[in-house]
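First chain A sits with chain B, and in the next complex the same chain sits with chain C.
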Partner chain A sequence: MTYISAHRWQKRRNEFNHDWLKNQYIPALAKCRNLLDGRVEDPEFEAVFLLKIFPQWDHRRATLVELISLYEQMMSPQTLLEELPLSAMRESDKRWLGPLVHSLWLARTPAKQLVSSALEAFERVNASYERLKDSVSGADSSAIFLSPFREQFLAFRDDLQLLANAISDLPRDIDVT
Partner chain B sequence: MSEQASLPRILIVDDLFGRLHPDRRNEDRANLCGQYLIEDITGDEASKWAPQRIKRPIARAVFHRGQRPLRSSVGDTVENDLESVLRVVRDGWFVPDGGQYWAMVLLDLCFYTGCVTEESDRRASGMPEGRAGDDDPDKYFGLRILQTLQEEMPDLPVIILSSKPREEVSRAFSQRGARAFIPRDQGTPEMLEEYLRRHGLIQDTHGIFVGRSKLLLHALRDARQAAESKQPVLIRGEAGTGKELLARFIHNEGPRAHGAFEAVSMPAIPSSLIEDTLFGHVRGAFDGAAADRPGKFELAVDGTLFLDEVGDTPPEVQPKLLRAIQNGEVQRLGTDRTMKVEVRIVSATNVDIEGKVTTGSGFRRDLLDRLRTGGTILMPPLSTRKEDIGLMAGKFVRDAESEYGALRRQIDPEAVEKLRRHDWPGNIRELRNVLFEAVRRYPDVEHLVPLHLNFSDSTPPAPATAPHTPRAARPSPPESIEGVLAVMDAFRFETRDQLVGKLPLIERSFALLLARYLKAALKEKTENHTPENPHGEIRIQPTINMMKGSKVTTSKAADIIKQLLSVNREAIASMLDDAEEPILRKALDKAHSLRPTKRKSGADEGNPQDPSV
Partner chain C sequence: MTLNVLVIGRGDSPGTQVTNGHTLEFTRHGGVPPDFLSLQQYDFVFMHLGPANPEAQAAIATWSSQGWGGKLIGISGGDVPVWSEKLAIPTIEGMANRQNLYDLHWATVRSDFGGDAYELASLLNQEQCEVLTSLAILCQGYLAVHAASAGEAALAHAPEEVSAALSLMGWDALNDKIRRNEPEAVLPSNLGLVLTEVVHPGWWLGAWGLSGVLGDERWAALADSLEKECAKQGAAEVPKEIGDLLDVMRPVVADSAREFHEIRPVTVSRAYLAITDLFSK
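Up next, the complex of A and B:
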């Protein structure tokens, strides 16, 4: 298991969702839409869009899957047993208390449902991406060439926004109430 | 004003989009601009990077990082910099005569600080790692900026532009005066445009209102907001500030722009006729009611009814007016039948209407409350927006030059200074009069100088111009032909005094009005001025076409001219005999030459396409 603390998980979520997905990748696709609609002209962007921007999803998706699947483990109140002061408890007590706390947390919160929604959103994005990748494979990046795929790009962007929302919905704090 | 210069100028304070790259353009910023259709005018990037081109930008934007250094690389430490943000905002916030101001500020919430590491630089070049607390909604630097701006510049419109979850901060940003929240990843150009329209301090791009003073822009913003709803709005302001123009602006900006705009000036109508004017009558409702006639409420259905000087509404009409506004029901005089009307009410006053309510001197509180359900908008007096005088003078001088065929002239700074020193009790109307008179008197000069400006000739301030002072008893004359017609339509002869010996007077006024109307229209359509024929060639058919708004034959045009000038020949004799401007006489002669004998039935043989006639 890759060990990351709750804080580290939040930081990685932030880097993925806030820094990259919402501030870089989605705005680039939104600009692409305006480019395809003839509202923007940017030869530099056109030249690199298919080569460097669009494929970023390929490099990021593994991070996201890991992030989502670690959520339940890293944001459970059970992790508090690994930190002071609760880490000072006897190991034998932690062994039964940890699973109990985790079970109670799962029963009280929609953690599993949120994870499931995020994974579903991921699958949708991935499917959209693969379809689009096949469609534009071997093409150059010019707006003229990409125009026939406008609707597919829009659908991809919409799916990305739903994914960004689903990841944002995962709570930022460990719920101990 | 060029299209580019009239674009709203916004400031975007954001750590990611405001940062500078040492060796290439800020792609994240370029993508944001491409997403929202914003033109980047920051001017901080080397010109060697090819700029993107936004075909129809919604706004021009200056970006600011809100941190120091503006340009950072691995090993640098990035810190938030509130002072630099305030400096940039202040520099563009209504500096006197500066001409550059923020229509709106878009503000990020979370600003990352700390050291720029290899890893953080790889994720986004020049961005630091972030410190504990940067990402805490209670400690967002953006909220601190917002708080400070709210304290120092409470009327600066600020909108949050962030990719952080809105619900985490909605209360905090509302408490600190932000107007709205745009989720950065989900925002669209249309959303930004709508927020600019609703909250931004933007000049009137239609050119009706000239100026960019804060008070004017506030009034225009309030008007745009008011235009969105159908609730009644009350406009307050001194005489001559443009209240009716603002009412039209509200009408044109709203969803009812396709409908009619009907105006009623309460003091211009005898009190006994206001009810008839507003609600209409059925045939036989009173002596002389020969036919059904709709009132202004009916005429304004699906449009806007403007009630000017609503404070002068007679007490006996107020209950019926209240019912009409409250229930959307009107009843013509002479019938019990009510009808539903969908009308947007905009009213205006320059009197202390609340004082009238409080002292019980003639205005109902419930009616006042109803009239301002959708808010109150203040049209500022000219004396409070003197920074606009230079721009307004430019427009009025151009208009006057065009009106009088005068030379195009420059306005000397000393002339503007003289205009600014005046108090303008008659407001914009007085300014316009002064400048029109200056151009009329000196049509052949290329410079407007202080000597040309004569304030004693301008409209004297009406006693009722100051707010909270009672209006003069004598109604001001209508300013538009619609106003003249409204008064004529509404007038009823009710006393014997109004009947005896009035026909010659009415015929005379009627004849003069028609002759003046025809003369103005003939001048408008006269062409081909030559030294031999300085008065130009009279074209009677295009003239009558314009007057009627539809095409007529040449013969018909000749008949109409003879008819118009036959109402009372004695009354218009001096106009017909005017040697300096013989245009009416020439038109009549031409009409007689074309139709010398009484027209026979069906003799409509003229050529409607002949432009020389």
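Up next, the complex of A and C:
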């Protein structure tokens, strides 16, 4: 048995960070760099990037904020009071033991700092995204791969990589002791 | 003879020893077809099944035809891809980075491990330790109640084990934060009031849904699970300190109303320290 709450959070993290961010979005940005540097040509990719790939951040960012915000709630050892074998405990005991276990966990682990770091990384990505979005608005698909946007693209991609690392830094197991 | 394990798809790194002396070596790719890496010198090979290693499918087919299929375990940062279900190799999910591989339960894999890839994957990817974990939580509750009711002055003279356990579980850090008025640092207000409950074995048994009556088969099941969990953590037997705590609450007569011995802070502290020691392996 895997702890239910932790498993759900880990699954959501995997879907966002591993399946989408690391294996789809960042590689697409890496391809942009190659296009910007003139190392490859891919007219088909250029045509769809601005319309379909780049805006994916708009659709995903709310999911990420929710994911990071839920970390403390779903990965706290307090959740184990709702699962076997402790779910049999009296409710009156859960009312004091749950908050106590949660406070002790926050005190002895860097959970809060890790969440803050992930949120800061998110804010940096978001700011880079908005800058780039403003810069390329009105440009046609192929024009965005011209050199004026190169630095902004690279900054966006670097910020995304830091975000992926910050999300990976959130532990995958409930830390009980 | 310890295991020599190659991990493909999680960066490059020379051999690093993990618990029980097993060695993990990392390389980015399985090679270029048709000249995939030789697996001759490795006992097991963890192959990343994901887009970053497009060679995986062909490499696994080649290695299997060369008689090395039994060494293979598939790994993935997220869910294992659907195409890999046809490969007939064991898989481990959630291995997004190198640290995840170091953090697997290598303590459960004896240095003379002689099993196959499925057995290895099963040991490394084992279930959680529900009883040990729940016991750790109950120990934290008990010790916090003890500390809150004893007060700081009395705690200054507490036995070494009690101080160590309180510190490890975050009690000192939490109280430091409370003194600094940090908003998330709070203690339940009625902690000291439940002291008479937590010193009673019935509180511990009740938390597990046990009656405390002799003959309750769930007690035997819990003790059995505990033994298995300790073995999974690499202990040959249940550590004495944990056994001592369980002995105090063990049902001994067919009457749940019998008189119990109060559970003492030192007994709980020693058990807690033993659990943290098991989990740190």
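Going forward, the second predicted complex is superposed on the first by the 169 of 177 C-alpha atoms of A that agree within 3 Å, B and C clash if a C-alpha of one lies under 4 Å from a C-alpha of the other, contacts with A are read in each partner's own complex, and residues count from 1 in each chain.
Here is the rule we go by: a residue touches a chain if its C-beta (ideal position, glycine included) is under 8 Å from a C-beta of that chain, and two chains touch if they have at least 3 such contacts.
Since the structure is predicted, the reported quantities are computational estimates derived from the model, not experimental observations.
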Consider chain A as the common anchor and indicate whether chain B and chain C clash or fit when overlaid. clash
Examine A:Asp42 and indicate which partner it touches, taking first as chain B and second as chain C; both and neither are also allowed. first
Classify the contacts of A:Leu84 with the two partner chains as first (chain B alone), second (chain C alone), both, or neither. second
Identify the partner contact of A:Gln161: answer first if only chain B is touched, second if only chain C is, both if each is, neither if none is. first
Determine, under the contact definition given at the top, whether A:Lys31 touches first (chain B), second (chain C), both, or neither. first
Should A:Lys22 be classified as contacting the first partner (chain B), the second (chain C), both, or neither? both
Once the structures are superposed on A, label A:Thr63 by its partner contacts, choosing first (chain B), second (chain C), both or neither. neither
Is A:Ser116 touching anything from chain B or chain C once the two structures are fitted on A? First, second, both or neither. neither
For A:Trp96 in the superposed arrangement: first (chain B), second (chain C), both or neither? second
Comparing chain C with chain B, which touches more residues belonging to chain A? C
Tell me the contact category for A:Ser135 with respect to chain B and chain C: first, second, both or neither. neither
Can you list the residues of chain A that touch chain B in one structure and chain C in the other? 10-11, 14-15, 18-19, 22-23, 27, 168
Using the touch rule from the top, collect the residues of chain C that touch chain A in their complex. 50-52, 76-79, 93-94, 96-97, 100, 103, 127-128, 130-131, 133-134, 136-138, 140-141, 144, 168-171, 173-174, 176-177, 184-188, 190-191, 194, 197, 203, 206-209, 222, 272, 275-276, 279
If you look only at chain B, which of its residues touch chain A in the complex? 16, 25, 27-28, 30-35, 37, 49-50, 52-56, 110, 123-124, 127, 130, 135, 163-165, 184-186, 188-189
If you look only at chain A, which of its residues touch chain B in the complex? 10-11, 14-15, 18-24, 26-28, 30-31, 34-35, 38-45, 161, 164, 168
Inside the complex, what are the residues of chain A that reach chain C? 1-3, 10-11, 14-15, 17-19, 22-23, 27, 77, 80-81, 84-86, 88-90, 93, 95-97, 99-101, 103-109, 112, 168, 172-174, 176-177
